[in-house]
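First chain written, first letter: the chains are A, B, C and D, and each begins at residue 1.
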């Protein structure tokens, strides 16, 4: 009954097997391994982007901040939501890696809209050299509240950003969960909509720790490589990153994992709703935000369930409702979900 | 009819005379000039703070960001308002000087309240190492909308910050305008209320370009000196900064200037209101925000008035109201104000 | 015949097995995994330092720059050699992570001496706020040229640094190779000699990618954790780092690997010397710098040997001598060495 | 008898008069003052560079580090001498403003040569993404030891840098002293030789505190303006910087001052040599490095002379020689020099 995070589950056996297979003899370091060549090819194929520049790093924060710093200047501001991972959960890594760019919080809500984005961009408009200059827009897909931007929504955001000449970054820590939710292609969800760079997550969806950063215009390639190295994120034994990513992309493992995680979340959400919980956001991928009485949470914790309360403490009025976050990864068993629902 | 900014007016003749007087023969550089010793003594006396550390720099932004970076760590967030000068008008200098700290915008309004401050601080509370850590609170006095925190308000804000162990910075670009508005002492408006460091402005109130930074706990002294030097803000011919500040503090020039500026703003505000303009904020110092029909602005600009529109363009529906900012410095003549009001 | 680097070889099967064993079910992220508790205990035991703060990261550069930035201020200078990894091979990561500290190159030679260190420190002495301030001393053990500081040498360097109040960092990317070379304990080579913080390498000695950073004074703990997070080096699925390090420290695997690597380098060095190559530095661990005629290098490369030329190109006068670097890892077979020597 | 520094003397009366003249009524801030337009025109004329971008700041360090950061990337290294002001006397401001670039010390000597520059650049050549990348070359003219690069020397250095595609910055804190020493034009000493950006000093040569930064390719203009603002170096009451620079450039004041300073140094140097002192560097501008017995220094200090010892303390063997630095500014009286020489 472990719903704390999709970074708490195990890696797929296929991923471990690939690491073991890569662990033979000597290999060139720093990205010159043969597995990386295969990763690049495979991701270019998947994204239908034969010129794309592809890099691997080990953490999602590294992927985000290296991508954003490559797209911005220190005197600019990055447009994102208040709940965005880059704002809330990276301990100022974006400010560090950009050498002091600012984050403009477009909205305290889950999703940016073309209207809120336009207003935020125009709000940074009239100050000449005095205010921060307009920089990239960062969109999280799946959002931090488990919702998914439709292709129409993505295109509208990109169009708005492009109308000001601003580049777009997609934080895809849960990229595949969104893609299978939309039933679209990787290309449709990125460059065909107008996205310039994407953090393509593996860690939360079956890998041990690997994320790809993809730039559809390869002109950024050299600068990114310097940024990755001086950020201390270039692995000497790089083959172990490549092997993970390659296994992840083989035989649709990435897609199967995401489908499984989304399906389990749907099962859990249905059960929660049936039991009277209020879903505060649409469940469109593998995360659920559900409001229930404190007494219910207490009962579930006592039964051994693991998940995070989002807007309150466990102590307090037992009747009062507190929202919790539940995340399903590919590996959680249906029996675990059913046991949880039984306790509920 | 020049109301664009209080940094557009001239310096007092006394300030220029002091510079000329200091321009005799050789002097030790980098703050070892004899005038600086007098400045330190005088500011310690004025602030009733015999141990205070006192430094001079040439710009208000330098004063703010050197003070804030001394009070913070790169992984922290600085609490301020949305309209705060440090947020809006310093082109990411705070992020640069702090090596990547964040700014948390407590409120989009003019003033922080203990409630909004507490909510903002608590909002950064529960994320462990993941979110930005709580850092200093920066308060602007006079605020960016020309209002003045009462001593009670200041004390309540400082008490709130102190209850979380956070230091307080006062952006006093218009320090003296606020002090004479409140009729209090410099000590009452700073350390007696709980302020730890203050940017004490001279530039907007009769100097050519000099600001003091005062730390009431001198322990920060050495770090500040390194920060000032590596920020390229330590003047070799420092005596010219000292001479300005010393003249400014002599014979109550600083106080006379501020009283004059505030009085002129009051005269202008009364005229504006009498003519039907809506004052969007209380006029408590030397700045006025007044809403008038576009046609009125057009007439005034045509007559040669100089000031900034705040929330709209000159082109558009002539009946629609647009807010403008008017700033009075010590030097603006009553005749100028009256001529302006006559045009109105 | 692969002697290019000790980061080119495979990980021990025990390390992979430990990762597979850790890959069961759900685990707390971000260092709260049960394996990390065991790692901390084990390293405290090995280093005879029950209070030490212990952290894991995935790259040696991350270990170095996070340690150094925790020990320094942006206005200081770090004392190291010219060939030091932190100077030559980290693409300005130290400058980035310290927010702009400088590196003072104590010597262009392989090793710092107490005399050269004293001269360098005193050279930064007399400039007040104008020059960089004195910061930590960083010592590489095994050095970049494959030599090992004796305990006496280490103690003398630490004594010199301490006499100026400066902290000491040990870049131990090849820590264990040095330790077994000296036949000393981990404590003797670090805090007993005066070292304050150590980068304790695993990657080059049998792991996939993991390094420990150890502070003997745990006061630095919280700052380090913020620095690691904002550097994007805190792993969500941290258990895979812990599992590697724990396997590495179990049953003396770390020691066996280092002994094997050093023994193989000794075998290779003996063969090189017997064949007429000149060893430019004493071979005290697992690296060899040997000077041979270009024609010999050409013959070896043609035979399939892989290693780096250090001070020249392959093209040129075939009689001229060029120095090459040979590195042995634990896994290289004696047969490979003997085949190489046969070609030679 | 004040020879401590050329930043210890007074400003020209003409400079103060210009400030007083500029102190009339209201003026646009932040560089939009009418005096600045005149400064830009005048400097473009002087430098025969009608397209040049021209900016003013108040300190020499600001000029240097804003120029260098505009010419470089954080993962690059800046080539300069060991004694360079940017290396020795700016408390890591270059590292701060470049967001972590490194300085490669081409030579511990006074002057870079084409040979030493080529060797240093090639030394950063072969490490791919691992080492710092090659960045700008910074040349100080007049050097920190009072010598002057000939036009041939300058051209050879620029040619060497250009052959690697690297930009050249000239630290001209004493630009005019060098120019009158060479008897050349400002254009010949800069862009005609290959210089891309110059810090054109005013502070040490008769101004209160103003330096121009000139880029011969105006493409850098916008980035520089953002860098200046976020560095807190954009003056609101900018007219006082402009007025100084304009007075400085009027009626050849800049040239007269430099000629006077150089002539006084020549007079002092002749007297020192006649009295048996050893000049350690050719005296080509307004600085002298002279070696004399400690007893002589003691006598001169006792008589009231003010200057800096360079390579030793006053206490010690009275017979031993210690080198001192003497700097003459435009204002030092011949009588002061003669009195000093009489004491000698």
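The criterion applied here is as follows: a residue touches a chain if its C-beta (ideal position, glycine included) is under 8 Å from a C-beta of that chain, and two chains touch if they have at least 3 such contacts.
Because the structure is predicted, anything quoted here is derived from the model rather than measured.
> Count the C-beta pairs in contact for A-B and for B-D, then report the pair with the higher count.
Looking at contacts between chains, B-D has the larger number.
> Computing the C-alpha centre of each chain, which chain sits at the greatest distance from chain C?
Here the answer is chain B, farthest from chain C.
> With centres defined as the mean C-alpha position, give me the chain A-chain B separation in Å.
About 41 Å, centre to centre.
> Express in whole angstrom the distance between the two chain centres, defined as the mean CA positions of chain A and chain D.
50
> So the centre of each chain is just the mean of its C-alpha atoms; given that, what is the distance between chain B and chain D in Å?
34
> Quick check: what residues of chain D touch more than one other chain, meaning two or more?
74-75, 90-92, 96, 99-100, 129-130, 133, 226, 229-230, 234
> Taking the touch rule as given, give the residues of chain D at its contact with chain C in the complex, in rising order.
Residue list for chain D touching chain C: 74-77, 88-92, 95-96, 98-103, 105, 127, 129-133.
> Across the complex, what residues on chain B touch chain C?
Going by the criterion above, the answer is residues 30, 73-75, 99-100, 129-130, 133, 223, 225-230, 234.
> Tell me, which parts of chain D touch chain B in their complex?
2, 4-5, 7-11, 16, 19-20, 23-29, 57-62, 65-66, 90-93, 96-97, 203-204, 208-209, 226, 229-237, 240, 306
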